[in-house]
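What follows are several structures.
You will see chain A twice below: alongside chain B first, and alongside chain C after that.
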Partner chain A sequence: MKSADEITTADTRQEAGVTPAAPARLRSKRTRLTAKWRPRSVIFRTAMYILLLIISGFILLPAGWMLTAALKPDLAPVFTIPTQWFPAHYWQWQNFGRVLFGSLSFLRYTVNTIIIVVGNILGILISCSLVAFAFARLRFRGSKTLFYLVVVTMLIPWQALMVPQFIMFFKLGWYGTYLPLIVPSFGGNAFFIFLIRQYMRTIPRELDDAARVDGLNAWQIFWRIILPLSTPVLTVCAVFTFIWSWNDLLGPIIYLDNQQTFTLSVALANLVTRAGTPWNLLMAANLLSMIPCILVFFFVQKKLIGGIASVGLKG
Partner chain B sequence: MRLVLQRRMTARFRGWPAPDRGGRPGPASPGPGAGKRTVFGRAPRLPLSRTRRREQRAAYLFLSPWLLGLLAFWIVPIVASLLLSFTDWTLIFKPHWVGLGNYRAMASDHDFWNSIRVTVKYILLSVPLYMVVGLLLSLLLNLKLRGMNVFRTFLFIPSVLSGVAVAILWVSLLNPDVGPVNQALRAIGIAHPPRWLADPAWAVPSVVLMGLWGVGGGAIIYLAGLQNIGAQLYEAASLDGAGPWQRFRFVTFPMLTPTLLFVLLTSLIGAFQVFDTAYVLAGSQGADGTSLNFYLLNMWTEAFTNQRFGYASALAWVMIILAAVVILAIFRTASRWVYYEYDPEKE
Partner chain C sequence: MAEIVLEKVTKVFRDGTKAVSSLDLEVADGELMVLVGPSGCGKTTVLRMVAGLEDVTGGTIRIGNRVVNDRSPGERDVAMVFQNYALYPHMTVYQNIALSLRIRHVSRQEMNRRVMEAAKILGIEDLLKRRPRELSGGQRQRVAMGRAIVRHPQAFLMDEPLSNLDAKLRVQMRAEISRIQRDLGVTSLYVTHDQTEAMTLGHQVAVMRNGFLQQVGMPQELYRTPANAFVGAFIGSPAMNMIEATLASDGGALMVQAGSHRLRLPQEVQDLRPALRDYIGRKLAFGIRPEDIEDAALAADADPSSTLHVKVDHQEDMGSELILYLEFDAPPVVTEDTRDLAADQGTEAVRSLEQQAQQQRTTVVAKVTARSKVRPGETAAIHADMRNAHFFDLATGEAIYGDRVAVGARVPAAEQA
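Coming up: the complex of A and B.
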């Protein structure tokens, strides 16, 4: 299992961004202060700013065009010559209301998506924190082998198993419900188990030892000491779960058969493949579906980037 | 040495892990021929003390959600899918054994070969491009300039958006006749810009270009790798008279190879999982049916549209085997180009 070893090292190395222990934080801070190369020449710095502005434009222009299109009235052409990259003439904010409450009924899809997302976050936080605690803090026979299994399942794409999983859930009578989309997250996720375990390992062991002297059992140590200290990494896991399950298309498209139960992704995909959806409403719906992820990203930006550094976003 | 051993013994006597070991096998694991290796890598297995037994029981209780999940969502499906791949099953009738028939059928299946071609084309175009652009971008974002945090935020936003939403946005931007991209290209004098998704030859490159919009997500991973490089290495290199290029070539790049390995692995596995974009684009106006039939989309169609569950399972197994071959091949060569810094903490 040399390969699994190498993966572990590669990932622990990148993980410094979310390490709580003081020495690690000091170390990364010191390197950060000096490792960055401060360009001295004015010409070079100006050139870099111009480059950054061009790249940011590449990111922002499509987003601006989308907002422009979403704010247009039904009869105004979305594709104009020259292209309008930013909203200037039309401000039909009611388009968003029409998407949510009108015949497209995106409010329902949003609620459906929120149900699945909340279920997934609960499942992931409960199961992964328990399992990671066992790997990080408890001694048991087979711990090494089982941890290799975690790493291996991290490398197998779950999509390869979607057919037998579908048949299993179908036989259980769960087809058409949210259960196949929520229940698996209560069985843990290898990436998050790995991430939380790495974090928990950095919490000083003296805390456990002191707690044991005081007569706390394993559960009490987990619940009263380790879990409260792990909130930063748990936040990262919750945010990742939010983004992943909010954006998921394959799962809902396999298991949901009724328009009433669709999630935002499925509804949007149907909207674009169905001819005749007005462009302005399509773009408004698209923008609405993006807003929660962007908001969540802004609120937890710093923690998230540390976490992404450790697992990779689309991992 | 004796001290360490003593601490271990006391620790075992108390029934709790030694404080310095972090629950992992200690360095004092016996060399070859030092008796039977146990899971803890030392000493022959002794009956566990009461406290240790209790700890072990607790551990398995904590692990139980994952163990159940592993059984229900991994082990059973893996076995089931292997068995299914040798059958012909439409969910309605009883499965019927066809042996290697599904695998043989692949050889003459145009859709299958087409999906392989599309996926390989995507890998060849996207993986090198994203790795190079991501790396360059991270070098840029690592510069110490005022307002850099704002730029980082902007560049990062597209990578938290859903594949569906991004595909919907770009299918309109890349509209061959009236889309803003082609208008811009015409404005700068390209009279006949590519027809992007509408042109089978340009469909995969279009998807690759769309993905470039979210390349900031990859840049963040490199950025974290860059910030873990010790400043003393750069100082030493400067003292030896290394210029900017040499500092990159002999310090930054070698120290970043573990990150590159990680990104290479995840992006190769990711290429087999391209679904959202392909589903939206293949279904929407413009693209024809086959030019964006990625591997996973083809598998999904066989399973859930054509109801060929046996055949889809065989496709899944080919996917697992291909992924395993790729991963093993990369690990085989990794020791030649991946550089691991000596880390005394790990010893």
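Coming up: the complex of A and C.
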């Protein structure tokens, strides 16, 4: 005997003697050619695949060319006509090793970049989530005005801030360190604050009410309820920060003077000199610096897609 | 002692809306008080004020003899069950129930014991590792109750907990809530818009409307002796029929003249309502419940002075009973009360009310036994049980009884304007 919970529509329909009309013969004929293999759909899907292959080609071919170039020895011509998209004659894999461990010490640059990137991500996540929570959930006088003010700062172009910021950091004695590259992210970022706040607003307020009645204070509501439920948007912010930080050239160029502290972007840029560019090594270095980005993307895909599936609530 | 006392509680929102006006309500220790009323009457606001989720603009709220106006929800030692359950989606059932204990740094053993105890009462022991999205509506409701029970609070506050469940489940859960509340003996304040829930669950029922308390008392009191037309029509399903009638005197007896029908009032009604004497020759609202109208052929004690011959417009055969729609040639009662109640049912009901008023006829609903042979289109002999007749003043809506009949704490109509 099923409990009230388990009784489903199918059961009650069965009891009522109503079953979906399905003449037996017609059904067996149809099932022979399932939707997947019907001619129209095969053509459609083939067309889709061809289109996707073309687009992928546009994206992957340059990478293929980079690989070709990376595998060439030092003085081999790189910009050939016709363009060589795939490695053919040369297979000098040790170029990668030279780039990482040799005099070019790209491993060190990678480590430097990672330090800055991780610092930035932490700073953004901590500061922006707290501020967004305050705007999304806490009620205080002037919160609307303050929020608009924060959003309005997005209008200020970084070019206008560049020089005053530099002067400030120089006077603080932070020139040559990583501090000017990491600390500002602890001050928040208007775009991410906006993004996270909008997301938090979709979290039902009843959860807050229930938490308050359970005895949680504002911090506990943030830490135990809202933050865990905001993982999708936080992941997005982290990924954006990672990509931006990893590729950032301007910041490190302005604030770093010691070659040992350089980041990948600076190092790559420095390879292009007036005295000639070792293209094969440059391409190898570029390929290597792309790998972390790709890895991050793969890791994070699932998290981004697994939304809130919000069910503490009915539907 | 964990009684809930509301004294002159008022709530005015920031935009000026007065949601609750000077409410006086007392919930005795261990009692289940149902706050019922149409949407927007302020009942949920009252509940949220007791919970601490809304600030109180005026008046005091006492829980267990302590004034709690300035205390945060967590400090009030109350637990709340929400309409949408409000379970934390990222936690398991166990964690959902245990959170309030974790926050209070209860020892792991004690926490485990209490969670298992609550789970046992509700029959959800094997759901503890699941997440809310894997549960059915009824199961989620039970987890929400578990979360409330585990704290052993001084009071339960329930905000329409059953309105999101389907009909069958609702009946089952209603019985469970009643059983749990009785077994645990926790003072409870239960908000609903469903008068059936109010009648079946509550030890005491308080009817609210537009922020004012209309009447408070036992369900039977509200049913038999409503304090005003609103309560009379709100409680009971199908709703009480309200007909405009005139009171006449025939010898010593009082007669109700409704359209072309003349009904005699039995002596006991005249004794219960001495103030009716003041209405002789005047128009008033005559209320009669559908269940008090019966097929004269099948009524045991039908006497000709309360038998009418009315045309049957159409009927609904429910199987267990027959709902007849009768054509009375008397106008319906169109006051603010009845219009509000019609509006609650939808624009169709309002239009129908106005139409009937224009045509000076009322569709009277009668609930007769299924054995009745009355058919639509005929003129049937109908018996109205006048012992249960209700009378209300047309202007104020107040019920007509006598000088001082205690009908529970409420604000007189004059002050409600």
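Structural remarks
Basically, the second predicted complex is superposed on the first by the 237 of 315 C-alpha atoms of A that agree within 3 Å, B and C clash if a C-alpha of one lies under 4 Å from a C-alpha of the other, contacts with A are read in each partner's own complex, and residues count from 1 in each chain.
The rule we apply is simple: a residue touches a chain if its C-beta (ideal position, glycine included) is under 8 Å from a C-beta of that chain, and two chains touch if they have at least 3 such contacts.
Here the structure is a predicted model, which means the values were calculated and not measured.
Of the two partner chains placed by superposition, A:L107 touches none, neither chain B nor chain C. Shared-chain residue A:S127: touches chain B; no touch with chain C.
With both structures placed on the common chain, the touch criterion links A:L216 to chain C but leaves chain B unconnected. Applying the stated contact rule after C-alpha superposition, one finds that A:A76 touches neither chain B nor chain C. Of the two partner chains, neither chain B nor chain C is touched by A:L179. Judged by the touch definition given at the top, the superposed model places A:R224 against chain C, while chain B stays out of reach. The larger set of touched chain A residues comes from B, when the choice is between chain B and chain C.
Looking at the shared chain after the overlay, A:E206 reaches both chain B and chain C. Common to the chain B-facing and chain C-facing surfaces of chain A are residues 6-7, 206, 209, 212, 217, 308-310, 312-314. Those residues of chain C that touch chain A in the shared complex are 51-53, 72-75, 78-80, 82, 84-90, 96, 99-100, 103-104, 131-133, 136-140, 147, 151, 157, 164, 168-169, 172. Those residues of chain B that touch chain A in the complex are listed here as 16-17, 19-20, 22-25, 39-40, 52, 55-56, 58-60, 62-63, 65-66, 68-70, 72-74, 76-78, 80-81, 84, 91, 137, 140, 142-145, 151-165, 167-173, 175, 178-180, 183-184, 187, 213, 216-217, 220-221, 223-231, 234-235, 244, 258-259, 261-263, 265-266, 269-270, 272-273, 275-276, 279-280, 283-285, 296, 299-300, 303-304, 309, 312-313, 316-317, 319-320, 323, 327-328, 331, 334, 338, 340, 346.
Here chain A touches chain C in the complex through residues 4-7, 204, 206-207, 209-217, 220, 224-225, 228-229, 308-314, going by the rule given at the top.
Residues of chain A touching chain B in their complex: 2-3, 6-7, 9-11, 13-14, 16-17, 28, 30-39, 45, 48-49, 51-52, 55-56, 58-60, 62, 65-66, 69, 78-79, 81-83, 85, 126-127, 130-131, 133-146, 149-150, 153, 155-168, 170, 184, 186-188, 193, 201, 205-206, 208-209, 212, 217-219, 222, 243, 246-247, 249-250, 253-254, 265, 268-269, 272-273, 275, 279, 282-283, 286, 289-290, 293-294, 296-298, 301, 305-306, 308-310, 312-315.
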